[in-house]
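These notes are about the structure you will find just below.
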Amino acid sequence: MEKDKILIINGVNLNLLGTRETSIYGNQTFEQYFEELKNIFPQFELVYFQSNVEGFLVDKLHEVGFSYRGIVLNAGAYTHTSIALADAISAINTPVVEVHISNIYKRETFRHKSFLTAYCEGIVSGFGLKSYAMALHYFL
Amino acid sequence: MEKDKILIINGVNLNLLGTRETSIYGNQTFEQYFEELKNIFPQFELVYFQSNVEGFLVDKLHEVGFSYRGIVLNAGAYTHTSIALADAISAINTPVVEVHISNIYKRETFRHKSFLTAYCEGIVSGFGLKSYAMALHYFL
Amino acid sequence: MEKDKILIINGVNLNLLGTRETSIYGNQTFEQYFEELKNIFPQFELVYFQSNVEGFLVDKLHEVGFSYRGIVLNAGAYTHTSIALADAISAINTPVVEVHISNIYKRETFRHKSFLTAYCEGIVSGFGLKSYAMALHYFL
Amino acid sequence: MEKDKILIINGVNLNLLGTRETSIYGNQTFEQYFEELKNIFPQFELVYFQSNVEGFLVDKLHEVGFSYRGIVLNAGAYTHTSIALADAISAINTPVVEVHISNIYKRETFRHKSFLTAYCEGIVSGFGLKSYAMALHYFL
Amino acid sequence: MEKDKILIINGVNLNLLGTRETSIYGNQTFEQYFEELKNIFPQFELVYFQSNVEGFLVDKLHEVGFSYRGIVLNAGAYTHTSIALADAISAINTPVVEVHISNIYKRETFRHKSFLTAYCEGIVSGFGLKSYAMALHYFL
Amino acid sequence: MEKDKILIINGVNLNLLGTRETSIYGNQTFEQYFEELKNIFPQFELVYFQSNVEGFLVDKLHEVGFSYRGIVLNAGAYTHTSIALADAISAINTPVVEVHISNIYKRETFRHKSFLTAYCEGIVSGFGLKSYAMALHYFL
Amino acid sequence: MEKDKILIINGVNLNLLGTRETSIYGNQTFEQYFEELKNIFPQFELVYFQSNVEGFLVDKLHEVGFSYRGIVLNAGAYTHTSIALADAISAINTPVVEVHISNIYKRETFRHKSFLTAYCEGIVSGFGLKSYAMALHYFL
Amino acid sequence: MEKDKILIINGVNLNLLGTRETSIYGNQTFEQYFEELKNIFPQFELVYFQSNVEGFLVDKLHEVGFSYRGIVLNAGAYTHTSIALADAISAINTPVVEVHISNIYKRETFRHKSFLTAYCEGIVSGFGLKSYAMALHYFL
Amino acid sequence: MEKDKILIINGVNLNLLGTRETSIYGNQTFEQYFEELKNIFPQFELVYFQSNVEGFLVDKLHEVGFSYRGIVLNAGAYTHTSIALADAISAINTPVVEVHISNIYKRETFRHKSFLTAYCEGIVSGFGLKSYAMALHYFL
Amino acid sequence: MEKDKILIINGVNLNLLGTRETSIYGNQTFEQYFEELKNIFPQFELVYFQSNVEGFLVDKLHEVGFSYRGIVLNAGAYTHTSIALADAISAINTPVVEVHISNIYKRETFRHKSFLTAYCEGIVSGFGLKSYAMALHYFL
Amino acid sequence: MEKDKILIINGVNLNLLGTRETSIYGNQTFEQYFEELKNIFPQFELVYFQSNVEGFLVDKLHEVGFSYRGIVLNAGAYTHTSIALADAISAINTPVVEVHISNIYKRETFRHKSFLTAYCEGIVSGFGLKSYAMALHYFL
Amino acid sequence: MEKDKILIINGVNLNLLGTRETSIYGNQTFEQYFEELKNIFPQFELVYFQSNVEGFLVDKLHEVGFSYRGIVLNAGAYTHTSIALADAISAINTPVVEVHISNIYKRETFRHKSFLTAYCEGIVSGFGLKSYAMALHYFL
């Protein structure tokens, strides 16, 4: 029997996780962490995608947004500026959970505003990499 | 004798036409509609381009903007945020007609503002897919 | 077989087209241009009406607004002040296309506001007299 | 013996009653309702007038305003914009009762303002077609 | 030899002159006064027009505005609200003198504003019916 | 039989008419123009007074303001600042007509305000020296 | 033995007292009232002066302001606008009492402001003609 | 050979010089100082004029303003309030130098504003009576 | 021995240099100028990258930002809007020099604001194409 | 017998007089003009000092400020910013006259403000180089 | 053949370079660095000047500003306060390049404002001592 | 054994102490007071410096600021305007104590602001000349 598919999608600059600021995040890359996630959620087929291009993130949402079970999205800095991503979330059928590694409400004021939250199922923010695991729980 | 070339260029999320909300737009994709347009305007060589990437839209405007007869542009959500597209329209020689499928003046207030209109010949908004045909008429 | 009827309706001061400012618009009257339109759209029975009286414009919208195939409306200065015309458009069944000869978004700020657009199918603005032909295209 | 004459006067777009939105108002036209009114008020000679032209409403008020017993006026959208009608009411001798089918104070803010009320005997608003009968009671 | 033609044009509610408030204005109608004007100014061919319809006033301005020697305009309440009339004055060639029977600067603040004065030669306000004769003097 | 007397009164700096800016006003002095006025209005005994002194203007208004038939007043710059002149006009019986050579509504905003108009019969503004003749017409 | 001299000085428009609005003030002129004042205050040599010219009021203050016992000043409308009078009061030695017939604080806001009060001994306002007698009491 | 004429003109309250506050200015009147000025500037024919009347100052400016070589003007308190004087300076041909005995920038804020400076050649302020001699130097 | 690598990176619309506005910039393309730069700086291995895609600019910064000696960045219109680019500069190790062809402090106010400067080593603005050579000097 | 000494002191950028903008000021340097001044005022020993250094201007004011007869100061741009110069003028005994070549009240608003005037005897502004001669006159 | 001369001019506190904070800047003085610059730019005759005195900087700009090829100016703290320096740059002919050692846009907000940039060719800011070499490049 | 050196440095206008306003400060010059200070603090080698030139004060701070034990600084009026002095204090190693003879917080508001205090050890203000002795105590 086929498992439900869930996309984890990381936006701009998030490909650098594990490479920089290793004293904070450890030297684990997101790819390594992704292996852990697969162990924690064996009931899902997890798929990973990252891009720094706003438009490619839109492309990916379109591609999986009519067949997958769920999407976990960390858009990085585009969270605060992209109406295009908001529209893409609104256009697809698959439910999206917004994720942030840091607590964006503890940071600069301009990072308090998210164009995406209103179109997502909900938001998980501030738990480090664990935020992704928590978001995936939603789809259990 | 060579025909005048006209570019029809669609921006972000517009690749979903015909796939979603088919009860509204029918199950005709823009590609199918494009075939109709070619039949309606046999005097032009129509070229079609779509991208979800703001920069690829700029690329395309540059590519054709010094040789084509005209451009019909629906920038989608970038209409309301992109200074880069406005600058590109201003930099090229080919006249641009702004097009919207929906009547943007019936929607949220923030969609009433277009960075592009002041640099275009004019605007055609609200006629569904027919907006494109109407815009093409300008180049007859 | 009877053709679909379409009304072209011009509002206040637009009867002076072709008479004044001929260096801009040429010395073609709207009546002459109307003959051209009939040649371009032989599939429609085009009807023309012009009045400087706000109420007669309302009357005409009522008269044809339950039987005609479409209405192309350039209300002139009433565009910016008439709630009555907006209500009339809202009350009838025939779809109305708003038309402007100039690109009103390139002009004085107070001309950016239209009471009518929200009740029309859409708007065609900025293409000179061709705006009418483009608007008619919608009804093909 | 001659009966007192009372004019019922309907303004812009009100000629469409009974034709549109029949699920709300039934398919009774105002002319049909007017027959009922004549039965209810046999002591008056009721006269009916409707026009979409602001100036013709003024004309009619002038015509009857020095001889009739009363006037029941529903000016439609002109209620909110016409200083000319206010001046006409002020100029004549016959008392005028302002009438609205819907409760204008439950609608958009701009419909709360009436230029006419200050010059009328009073206002009846919100009782559907019955508003006219209630207004006529004033003249008993 | 043909005399110069001058149009005297009265707007909304001004047809009631001589009929109401006769204790103030006497029982002379404007038509009677117009006969006097013809006697006072035998060197002109005076033409009179009155309408309560804003659009008919525009029509008349268009009709005479390219051949007559002058226009004397009292727009009544439309003075304070009509952009259409202002545009019409601006579009024609014949010079227009704005006239008011009462001194509008003694009345409500909203009557101090005229949309028309900036497009007219000048203004004559406050002299009763004589304001018209005074205005005609300008064309001697 | 004695003729009715009418005072024409010019305020501050108006004695320079005909001396300066002759390319605009011609080299006719007001005194010369006054002779013309006497020919045009033989039925009146016209009296002329000019002063640059605010108080002498008040004196003159008092002197003739209980016996003369009328006063034609151009107060020059005092129009915009003198409460004393406004009070004098209010105190006398003779009707006063306010006159301006230029159309003050086409000039600087601070010249739109007149302390005098509300106390005068009316205003004639914008017709050059003819403004005086037009004002005198009021007293015929 | 010579009596102390006191000047009563009336400003702009106050020469009209007793001539106009006799239903309010009676038909007594200020000159008649001045005779009464002389009877009430036989211990003073009262002197009276009136002018409508701001500068002549200044002249008079200079003339008596180094020898008289006191000055009673009603400057009329100049009260609210004349810095020159304020300076004159400040320059002379004779004490000045400001007087007003009406209660200026009950009138229009712009009449609440007096440039003079700060340089006078005091102010008496609102007691009709009796205000002058009350002011003279100060010099007893 | 005739000498160039220069007018020295003093405004309101300046006739008191030498009479009051003699401990400050000495007991020299302006007339005595004027004799000194004539000795200092034998190359000019100096003319002196003083008035407390704003309008007489305007009169004098007109009288000499088309033939004299220069004008030295101390308008006193009218400096801060008179648009009429500013207009008069603007209307004449003779250049005007603004003069003040005291340093007006050491005094109350409202005396820092001069309506006249912008229309004068320049300003000399603060040197006591010598300000006049300094101003005359300009015309050498 | 290997030379240090330096990336020159041009953002949106800057590929049009040399093609348009040749009267200002000459008809030299940036590619031609790049050849000159290589001659001027033989000690470096210069690499050129241009893209109109915001995300590709981010990609490129990531790609070279941990190994190259330096980056010279002209982001074009993204300078004023892209938080993503600012974050990318902040995330990498290679020092970045911001460059502008024009002096942005002499232009529209909204071009004075740069999201990037605070994260760069410094800024070179206003020297035409020479700005790039000047920036490269930093890495000598 | 020794003559009274007077210092003429020019501040920042004023050493360029006669060198630049010679079409306005002529090609006469201040040094040449200074020779003329010595001829005009043989009764004084004139001393000239110029510096672009704010502190040297203060030094010089101290040096001569207890023995010289007078100081003529044109501080240039320091006029609008230097509290130190204002304090120095306040500290010394020698009277200072502020001088400006142009009429600073005809220029930008920020040049209307002088920190120095309140501490000087007075100001001479607007007479070109003659302003200096006029200022020297004060010390006669 | 004579080489073009270029002045490098350092303002207030910049003489301390190399003496303090040597861990940051090394123990190289500007004088030592200047020798390097001469080696790097053998085609120019470089001249160096430093002063802590605002006026001496003005002096130097005047001295070389009509003959040198270029000026490289780091005004230090005077950048943010000196109108006198801005005026001096504006008065001379030689082009000036503004230089800062630190990136002033990373520092306190009040250091973001420069009075000088608008009068200079351009700005080089943030590259340590190398900023000077980069600026000199402009004159090649 | 060598004593610690301490610099007492006085800024603009402070060289005048003892020369002016001797009724307040006595006729003791600062040099005389300085002798007293040397007696009170035999343990220090006191050095005195005064200049009116902002830049020379900076020079002196640089000269002693890396070897002396302490600096007592009264900058006079530059306290309120000089960022350059603030930077100099920040750049040197020797601790600086800010001193004022008067209590600057009792004076004009603009003297409450000191650019220097934030970079000094502390401030002593208001104790007359004793302020200097009190400041020296800090270095005991």
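The first chain written gets the first letter, and so on, giving A, B, C, D, E, F, G, H, I, J, K and L; residue counts start at 1 in each chain.
Everything that follows uses one rule, which is that a residue touches a chain if its C-beta (ideal position, glycine included) is under 8 Å from a C-beta of that chain, and two chains touch if they have at least 3 such contacts.
None of the values given here were measured: they were computed from a predicted structure.
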Subunit I to subunit J, fewest steps along touching chains: 2
Cα superposition angle of subunit C on its copy subunit J, in degrees to the nearest 5: 180
Chain pair showing more contacts of the two, F-H and H-J: H-J
Candidate from K-L, H-J or B-C with the same interface as C-E, over half of contact pairs in common: K-L
Centroid distance [mean C-alpha coordinates] between subunit E and subunit D, Å: 31
Centre-to-centre distance between subunit I and subunit H (centres being mean Cα positions), rounded to whole Å: 65
Residue list for subunit I, restricted to those that touch at least two other chains: 53-56, 81
Listing of all chain pairs that touch each other, if any do: A-B, A-I, B-C, B-I, C-D, C-E, D-E, E-F, F-G, F-H, G-H, H-J, I-K, J-K, J-L, K-L
In the complex, subunit J residues that touch subunit H: 97, 103, 105-106, 114, 117-118, 120-127, 130-131, 133-135, 137-138, 140
Residues on subunit E engaged by subunit C in the complex (per definition of touch): 53-56, 58-59, 62, 66, 81, 83-84, 87-88, 91
Of subunit A, residues touching subunit I in the complex: 12-13, 15-16, 19-20, 51-56, 76-78, 80-81, 110
